[in-house]
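A single structure is presented below for examination.
A, B, C and D label the chains in the order they appear, each numbered from 1.
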Amino acid sequence: MARKEQLKVAVIGGGSSYTPELVEGLIKRGAELPVKELYLVDVEAGREKLEIVGALARRMVEKAGADIRIHLTLDRKEAIRGADFVTTQLRVGQLEARGRDERIPLKYGCIGQETTGAGGFAKALRTIPVILGICREMEELAPEAFLLNFTNPAGIVTEAALKYSRVRTIGLCNLPIGLRMQIAEFYGVDASKVQLEMVGINHLNWTTKIVVDGSDVTASFLAKAAGAKGLTMKNISDLEWDGDFLRSLGALPCSYHRYYYMRDEMLAEQLEDLKTEGTRADVVKRVEAELFELYKDPDLAIKPPQLEQRGGAYYSEVAVNLMSSIYNDRKDIQTVNVRNGGLLPFLPDDASIEVNCVVDAEGAHPVQPSNLVGPEIRGLMQLVKAYEELTVEAAAHGDRDKALQALALHPLVGTADLARSILMDILEENKPYLPQFQS
Amino acid sequence: MARKEQLKVAVIGGGSSYTPELVEGLIKRGAELPVKELYLVDVEAGREKLEIVGALARRMVEKAGADIRIHLTLDRKEAIRGADFVTTQLRVGQLEARGRDERIPLKYGCIGQETTGAGGFAKALRTIPVILGICREMEELAPEAFLLNFTNPAGIVTEAALKYSRVRTIGLCNLPIGLRMQIAEFYGVDASKVQLEMVGINHLNWTTKIVVDGSDVTASFLAKAAGAKGLTMKNISDLEWDGDFLRSLGALPCSYHRYYYMRDEMLAEQLEDLKTEGTRADVVKRVEAELFELYKDPDLAIKPPQLEQRGGAYYSEVAVNLMSSIYNDRKDIQTVNVRNGGLLPFLPDDASIEVNCVVDAEGAHPVQPSNLVGPEIRGLMQLVKAYEELTVEAAAHGDRDKALQALALHPLVGTADLARSILMDILEENKPYLPQFQS
Amino acid sequence: MARKEQLKVAVIGGGSSYTPELVEGLIKRGAELPVKELYLVDVEAGREKLEIVGALARRMVEKAGADIRIHLTLDRKEAIRGADFVTTQLRVGQLEARGRDERIPLKYGCIGQETTGAGGFAKALRTIPVILGICREMEELAPEAFLLNFTNPAGIVTEAALKYSRVRTIGLCNLPIGLRMQIAEFYGVDASKVQLEMVGINHLNWTTKIVVDGSDVTASFLAKAAGAKGLTMKNISDLEWDGDFLRSLGALPCSYHRYYYMRDEMLAEQLEDLKTEGTRADVVKRVEAELFELYKDPDLAIKPPQLEQRGGAYYSEVAVNLMSSIYNDRKDIQTVNVRNGGLLPFLPDDASIEVNCVVDAEGAHPVQPSNLVGPEIRGLMQLVKAYEELTVEAAAHGDRDKALQALALHPLVGTADLARSILMDILEENKPYLPQFQS
Amino acid sequence: MARKEQLKVAVIGGGSSYTPELVEGLIKRGAELPVKELYLVDVEAGREKLEIVGALARRMVEKAGADIRIHLTLDRKEAIRGADFVTTQLRVGQLEARGRDERIPLKYGCIGQETTGAGGFAKALRTIPVILGICREMEELAPEAFLLNFTNPAGIVTEAALKYSRVRTIGLCNLPIGLRMQIAEFYGVDASKVQLEMVGINHLNWTTKIVVDGSDVTASFLAKAAGAKGLTMKNISDLEWDGDFLRSLGALPCSYHRYYYMRDEMLAEQLEDLKTEGTRADVVKRVEAELFELYKDPDLAIKPPQLEQRGGAYYSEVAVNLMSSIYNDRKDIQTVNVRNGGLLPFLPDDASIEVNCVVDAEGAHPVQPSNLVGPEIRGLMQLVKAYEELTVEAAAHGDRDKALQALALHPLVGTADLARSILMDILEENKPYLPQFQS
């Protein structure tokens, strides 16, 4: 990006409970990243939340004495026009929809999860048309802006934007930075001393090399990681890895791999939780209600510490790091989602992948992994990517055939019958959010 | 192969109940394929069967007035020395081992099948070292001979021979010809009027184009195939395909796909059968006992019609067709298993694939498919091929780590826990047949 | 193609002196290929030739008692409407243009040849827009027809049709069959006993395997080919290959390779010929004038033997063989130009390549070569293909930049200065035929 | 590399006139790169130079008060044992051999250049066996060390080391940094403000993106570069680029591209120079003689400014930058020669390529280029790389057939006759240095 004195950022889904984290990050890093205009956009259904969060954001800015103007709006185009960065953290259908995403698969004995499996599939169907709408507006109103997509399933949504728009899109996730932090803590060193080589796709990446303080500790870490606690995302059960399994894999799976490699235990736990506390959406609804109560407090002018319990740790870190490295042409390495372009030759060129990238003013440029991954990693990655390709097509074109094949292919569904039943429920229950399937 | 006046064929596992079918084929096609020496080889444990089958073979030849000398031997090298074709139809550990292959996975709630999933995996571990031993002998004693491998899992075994020997190996299966016959019957035309384009790997191929009498009937056939009976191998339950599923897939899955796309019903049926009639191995044992009783009859001098009930239909057709096309440099198209070499660019170059090939004196040369398959086909093929790669490595080197990852990756196992439990049982119960894992 | 009782063939450039050869072929093979309507089309400038050739064609048909109606027309659409096969043998700008193509490069010390180097480049610029016009009409008026393109540079023209139209296009050349005939003659066997494996692109293919009567004679043939006469096209000087060079190459270059590997001698010969007999176009003009004198003879009702001297030997054979194999779904092997689609993984997927193909009712399906070619073959093929890609783009879009880079890249031009000078001359001298460069 | 307190560096060819530059660099950057032991190794024929240069180096270190011990030795193993970095700047056969490399091709009317074309080919034949010998010793005596290869032809030599040894090898050239400096000077900015994206192979790379002070100036720079002076290496004639040519290419060719794109002018100039001042080797011999006279001066204790005239500008910068980034795990971007590994999918995986890399403690990791290059760049790169592959094989195995094909393929030779003549001369005149061809 060309050097500018001041930046405009538009946050789509600005009424999210995560917004105070982003605002805090922008305040802290104001010296290196001169964001002067921050637009928080939401839809009518999110107006109340937007107002609560926006008021808090204004109090935070004021208290910090930061030179950031906070704009609250339901007019997405106004927010996008001339923006330098557009971030998306939206949830089509709100938490109600998430609850359905989690519940439907469970009804058929399949994992019900917001981003992985049939739940993530349903979310992708709802979300991709909205993101492509944002892309259309960006092409017109902010053609040079970067789209930083946090919206889940981030890999699939990013792939859709890369395939169906000309917008410079980077997909973001807090999992990579989270793992780095966990490993830093594990070794008792500063995170800057930890380097990870990650290869894969969003929510299905493998850490193939772990360097701590200049030494490659991959093998010894894998031996220790089996049985270790704390190597997971906040929202994913901390089931222990088997030592033989990790050693034979030769890489550290990500938190979400538990849904595959530990499918049966994870399913059992989900079914148990459903009985006791409801879906994860139900839990989050309660957490959010509490958060918004806190946010309403006119005396609150900082990010409340309770927010960190929600699972989105480092979200602000990730977003602000990326914007700053682009703005400052920093050329540091971050793990983000970009177009494959042959880097992983066993995946399609136009697939989104999540790998280490050099970030400079032009965007994120993937760095070649040290070694090509073996079949134990490649096979699962290819299968899930094929599912993702089908999902992108299904969502972009309202194609029921692709949708059916996507679900039948997904390892957490895997049969024609289950695919059909789950698909029918998803299409039925999400009707208002799936205009592309109505013709 | 250079033109010769007379041919020598060695059949490893010559005591198989299928041998009379092969002998019948060689008698019938004697004019075009001058096999003069037929060596039936077996191991000590199969000596009795070998003698019964061998005596029947001699009576068949005599009755037909064919000029074929039948040799019975336990000396494999004698059989291989100077052979033009070596065919393998062996079963390491006999039907007892097959029974275990089918039973172990079922114990853990997984499909138990001779070639697919954990059962096929166990069979591969036992079989590959034996096949590689045969390859070593061929390299020394018959370096120009073709190895026609029928031994299951044929794709994996063929891949091992292609990767770990210089022997000219072609993997054979009766599924492709069987499907062609079924479709010919379906349309009431001669099989010569039916052409199929098959793409995939052994026991996991998709028929992507069906031409009957010069017209492409793929779409209309798929509409009819849903619900049609008779489109399956003898040994695979004739569950009906769903019409929406077939149409959205755009290709006809093979019989073995039922273990994937109809996993739950197939598993239920296997568990039910186990209770009533035992494993498929138990059933085959009974059929074989009856067959060998028939074979003993000194008045029997033809292939008894009961043999066709066993499931190996067209086995002789496939073998003799291939030998004849090579011998006669015929350049016709047959669907066999060969090295990929980039034909399917989304699979490794050194993978075995099952596709249409031109067969000439030099062997089988794959023909490029009309269209690249889509993700709905590619994804599953890549996953299962990755499992196969790991299995070949595990079997060739006695590598437990690869073995564990192979099972964890297979969609009919799919979790680390199941993989470990099943692997432990397999290694324990097959100890005498797995010397490569004993160090 | 669907089975029909009678066929319509349109020949674009029907006034060519070659047409009697095609007519002879259609008469001879009438039993297997029921062509009932033969349209000979030409442009106004070729009307006289069309009438002469057409009259001869009618006498030939009548004398043979063949059931073929000959139509002469300047209305291309009428000819194409409902055709089953459209063949192109046109020459934009007639022999005058060819003369310029041969002369301009020579002026700058570069090889001047109708299909190779800067001469072929100029011909491509003139021809591609016309061929794409024919494709447009076929898409509308005969969407199921096959386009059999003989028009040179056949590889480049075919690539343009494959890239810029949906027409089922196959590029044809008489070089492969010619070589087969020459080798058959060399060994004193029937051509049916000779099989060649050819790998490459049009007018730049390598014969990597030569099988005569079932034996692979490649190495011994290469030893004999050095110094042998008669292994060349009629229009290419029969310079001898060096034995060391052929052995180290491990394959037989095609006739046109002499322009590369023997560039200096070929250039010297061209310059010498230019002084004595003029360009090849001048020679052909004289030959053609004689031929048309013969054709005018109302008593002539067969193809005159003098035609075979012209260089287009087997042209009819190639065309009729291909039509017949498609019509009869024959599945034999022919060496033609088709879309690469990954068969040669070191060339772009959408490049045209010239390789062995199985020909059936659906068209030509490439067969995987026995071995991947080495760098000595691959390098030159990649360079010339890159030149061809640029030429297709330059011709299709009137892009001067691509045109300049195409010439600068071609090994028979190779410098920026020569490229610019030659390009300026070509654009200037071909102005009436290059509307795409006029904007 | 694991963090160490002090480093050992071995310089093979330590008697080179460039050594003072390297010593100066090590002195200046001592704070960030603690080289304590510097071994200068040479062969018997270079003993005198080694002693002169070594004495100067010691005076330089002493004067600067640097803590570096300079060792002079003819015992290569002693130097390599336990080294952290081994750099090679050797010249097998000294300048006499270079003179022959430049003269032989000119005799046949071909470009005679030390690294490009037949001259570079001859140098590769002599050099690769020596480099592979060094690699053998490193595998034994310093298995963790990095080999920094400056020896020309650096791309080919690096490829040989990558293919035929397990040594961690990085190929270096001063061209990339030189261009950056020239562009910085052109714009009047500091070099740190200039970023270049380079894609290609050594001495044949294209600068596809030029960013100055955060702005992409590629197109405008190309317009200005045509006709600009100063954009070339010291040893390459500063012929002007044509504006149309650069614009249509869309990238800046490197200095050495002049041998291709301006072949005829460069050849004319070489032939003229040959008459007046002899070969470049003759010129360098005179320059070196003067330099060594200076070096002998016992009062000289700095790098004499005359060294910069020689053409190896920034050589020390490049070497010390790379060592320092590895030692300090700096993760900055440098343009070096590494294994392709699929980064440029149109070149073989095991080819060496010259691209932007992230340099960290593990070595150099290539960054994916922003865009895939077009055919105008790809075609020439593929051809020259195919020549390089053949040259590596010829040199490593003493394979005359590959050698012949390599030369026949090279665009600056290009015919079978020239290839044979030049090869015979090269093999004859370099006999003492080509033991691999003597069997």
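One rule holds in what follows: a contact is a pair of C-beta atoms (placed from the backbone, for glycine too) under 8 Å apart; a residue touches a chain by one contact, two chains touch by 3 or more.
The UniProt protein names, listed by chain, are A, B, C, D = 6-phospho-beta-glucosidase.
Please read all numbers here as calculations on a predicted model, not as lab measurements.
Trainee: List every chain that touches both chain C and chain D.
Mentor: none
Trainee: Could you compare the number of C-beta pairs in contact for A-B with that for A-D and name the larger?
Mentor: A-B is joined by more C-beta pairs in contact.
Trainee: How many Å are there between the centre of chain A and the centre of chain C, using C-alpha atoms for each centre?
Mentor: That pair's centroid distance is 55 Å.
Trainee: Nearest whole angstrom, what separates the Cα centre of chain A from the Cα centre of chain D?
Mentor: Each chain reduced to its C-alpha mean, chain A and chain D end up 45 Å apart.
Trainee: Residue numbers in chain C touching 2 or more other chains?
Mentor: Not one residue in chain C touches at least two other chains.
Trainee: Run through the chains and report each pair that touches.
Mentor: Touch list across chains, by label: A-B, A-D, B-C, C-D.
Trainee: Show which residues of chain A lie in contact with chain B when the two form their complex.
Mentor: Interface residues on chain A, with respect to chain B: 241-242, 244-245, 247-249, 260-265, 346, 375-376, 378-380, 382-387, 389-390, 400-402, 404-406, 408-409, 411, 414-420.
Trainee: Write out the stretch or stretches of chain B touching chain C in their complex.
Mentor: 1-3, 195, 211, 213-216, 329, 331-333, 341-343, 345, 358, 360-362, 365-368, 370, 372
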